[in-house]
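Listed after this line are the structures, all set down as C-alpha cells.
Common to both upcoming complexes is chain A, partnered first by chain B, then by chain C.
Moving on, here comes the complex of A and B:
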C-alpha cells in the first residue's frame, strides 16, 4: 500500500504576522489537511481564503459548544471562510485548528471544506463551508481578525487516495 | 489585510508510512446507490473513510448509512447545527454520516477505531456536513456496532436515490 499522508510545508512564526499563506500547492494529492496552533491578540475569528480569492464566493455553517450550551451560525456570500465564530482567540493559549479541503484539485465541482476548532478556555467549534469555484486550489491563506503571535505554527499535509 | 504581508511557508518533504490508502470508489456517470469496500486487511489499527458526495435528497443535506460486515442494528448519537439552531438526535437502528443533498457536494471524515480487534465492540465517529450558501448542516456523529467481529467490509448507502457522478469514497488504513 502506498503511504500517503505527507507534510507539504510548515511554518512557525518567529515574528508577528497577519496572514500565513501556502502557495504553489501541487495538484498531486486528493485532499489537503491544514493543522494550525494559533496564538493571536485579537480575540476574534479565525479565517481561511482559497486561491487568494476575496470575492464573495464563500458560505458556511458553524456548530458551537461553549460548555453550557450549543448553537449554530451561518454566513452567505462572504469574502472568506469564518472558521470560528464564537470562541475568540487567545495570545497565551493556542487554539487547535484542523481543516480538511477535499478533492481540492478537481476542476469539475465546487469545493466543500470541514474545520474543527478547539480553545480549551473558550469553546469547541466545527464548520462546513462551500467555496463556489471549480478552480483547482493552489494556495491557502489562514488569517485572523487580529495579529498572529510568535510561536504560531501551521502545517499543510497532502493526502493521496489510491 | 494584504497578502503581501503574508508568510510563504517553507517546504519540507518528509515521507510518512503510517497512513496508507487502501482503496477508492469513485462514482461514474450512471450513479450508484452504494459504495463498498471488501476484503479489508486487518493489518492496521484504525480505518478512515474520506467522503465527498451528494445524494438525491431534496433537503439541504442527505446522508450515507454506514454498514459494517453487512450488519444492521447499529447505534448512533448526533450533534448538529443547521446555521440557525443546534440540536441532537439518536438512533438505535443505524449509523449515518451526513453528506450533500442535490445541490452541493458534502464531505465527511469517518473513523472506525480498532476495527480488527476481536475483543471489542466497534466505535465509529464522523465529522461531516454540507453548505449550500443559504442552508446547510454541520454535524458530529458517534456510532456503536455491538459486534466483536473484525471489520472486513464496509458499505455506504445513499438515503435517497443514487450517489451521483464525481462522488468519491476513499478508505485509508492508519497503523498503530
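Moving on, here comes the complex of A and C:
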C-alpha cells in the first residue's frame, strides 16, 4: 500500500505571529489538506491566502451557526478567503479548522476550496471558496485579524491519488 | 515520507447490538485523531452521545443542522448530554440505513483545551434526515486517552461500525 497521506510541513508557534506561511509546496500530490488549531487574541476573522496573492481574486460563501441562529454570507472580489465571518478566535479555546484544496497543482482550472471552522464558544462554519487563478498552488498563508498566540498549530498534508 | 494516517482500532457491532463503542488506551503518540463511523440506533431515540476519558464533564458543543425544511443552531450545554449527532432509528427509519460521520480532533494529547470538528449526515428517504455540523470543545488539559460513543438510550444495531485513526504531523 503506498503512502498517500503525508505531512508536508508543520508549525507550532513558540512566539506570537501574524501569519503562518507554507511555501515551496511540491506539485507531486493530488490534494492538499490544512489542519489549524488557532489561539488568537484578536477575536477577528480567520483567513487564507494562496500563492501570496493579495489581488481581488477570491470569492466565498459561508454557512454559519452561532448557537442561536443560522445564516449564510458571501463575498466577491476579495483579497483573501474569510474562513470564518460570524465568530472570531479565543486565546484559550483553540479553533479546529480543516481546509481542503483539491487538484491544487493543475495549471488549467481555477482553484476551489472547502473549509470547516469550529469554535464551540463562537460558531460552527463551512465555507466554499473560489480562487480565480490557473496557477498551481505553491504557497498557503493562514492569518487572522488579530495576533496568533503561542501554541497555535498548523500542519499541511499532501494527499496522493495513487 | 512516513505513513501518517494509521488505524488505531476498529469496531463492527455484532449480533445483539452494543450499548456503546469504546476506544480505550489511545496512545499519545499521534498528533490528531480522526474517527469515522456508520451507526444505527436500536430503540427510542436517534441521538448519539460522546464522552472523553470516561467523563461527560467540561464539554461545549455548538451545532448547525438542516433537516430538509429548517436549519437550526444550538449549544448542547443546554441539553444535558454531549451530542454526537444522530443515527437512523431501527424500526422507524428506512431499513438497512446508517449514518455517516467523521470526527476530527487536532492536538488531542496537547496541554491545551481540545477542540473538535464533527460532520455528520443521515438520510431517511423521508422526513427526519439530518445534515449536521458541530464544533466541540473539551475544556480539559489532559490528553484524550479514551473515546466513547453511545446511543442516548439502548443499543447500536448490528453492523454499526467505528474506526479510529491516528495522524502524525511528521
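Here is the rule we go by: the second predicted complex is superposed on the first by the 161 of 162 C-alpha atoms of A that agree within 3 Å, B and C clash if a C-alpha of one lies under 4 Å from a C-alpha of the other, contacts with A are read in each partner's own complex, and residues count from 1 in each chain.
Simple rule for what comes next: a contact is a pair of C-beta atoms (placed from the backbone, for glycine too) under 8 Å apart; a residue touches a chain by one contact, two chains touch by 3 or more.
Every value quoted in this text rests on a predicted model; they were computed, and no experiment measured them.
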>> With the two structures overlaid on chain A, would chain B and chain C clash, or do they fit side by side?
In response: clash
> Looking at the overlay, does A:28 come into contact with chain B only (first), chain C only (second), both, or neither?
Replying inline: neither
> Touching A:7, do we find chain B (first), chain C (second), both, or neither?
Replying inline: both
> Given the touch rule stated above, what does A:126 touch, chain B (first), chain C (second), both, or neither?
Replying inline: both
>> Taking the superposition on A as described, I'd like to know which of chain B and chain C A:20 touches: first, second, both or neither.
In response: first
> What is the contact status of A:112 with respect to chain B (first) and chain C (second): first, second, both, or neither?
Replying inline: first
> Counting only touches as set out at the top, which of chain B and chain C does A:162 meet: first, second, both, neither?
Replying inline: first
> If you count the residues of chain A that each partner touches, which comes out higher, chain B or chain C?
Replying inline: B
>> Per the contact definition in the header, classify A:95: touching chain B only (first), chain C only (second), both, or neither.
In response: second
> Of the two partner chains, chain B (first) and chain C (second), which one does A:134 touch, if any: first, second, both, or neither?
Replying inline: neither
>> For A:66 in the superposed arrangement: first (chain B), second (chain C), both or neither?
In response: second
> Which one of 19-27, 73-81, 91-99 or 145-153 is the stretch of chain C that crashes into chain B?
Replying inline: 91-99
> Both chain B and chain C touch chain A; at which residues?
Replying inline: 3, 5-7, 10, 63-65, 70, 116, 126
> What residues of chain B sit close enough to touch chain A in their complex?
Replying inline: 1, 3, 5-24, 50-52, 79-86, 100, 104-109, 127-134, 136-140, 166, 168, 170, 172-173
> Can you list the chain C residues touching chain A in their complex?
Replying inline: 1-5, 31-32, 60-65, 71-75, 104-107, 110, 112-113, 115-117, 119, 133-137, 139, 167-170
>> List the residues on chain A that touch chain C in their complex, please.
In response: 3, 5-7, 10, 35-37, 39, 63-70, 92-98, 116-124, 126, 151, 153, 155, 157
>> Could you list, by residue number, the parts of chain A that touch chain B in their complex?
In response: 1-11, 13, 17-23, 30-31, 52, 59-65, 70-74, 76-77, 100, 102-103, 106, 108-110, 112-114, 116, 126-130, 132, 141, 143, 154, 156, 159-162
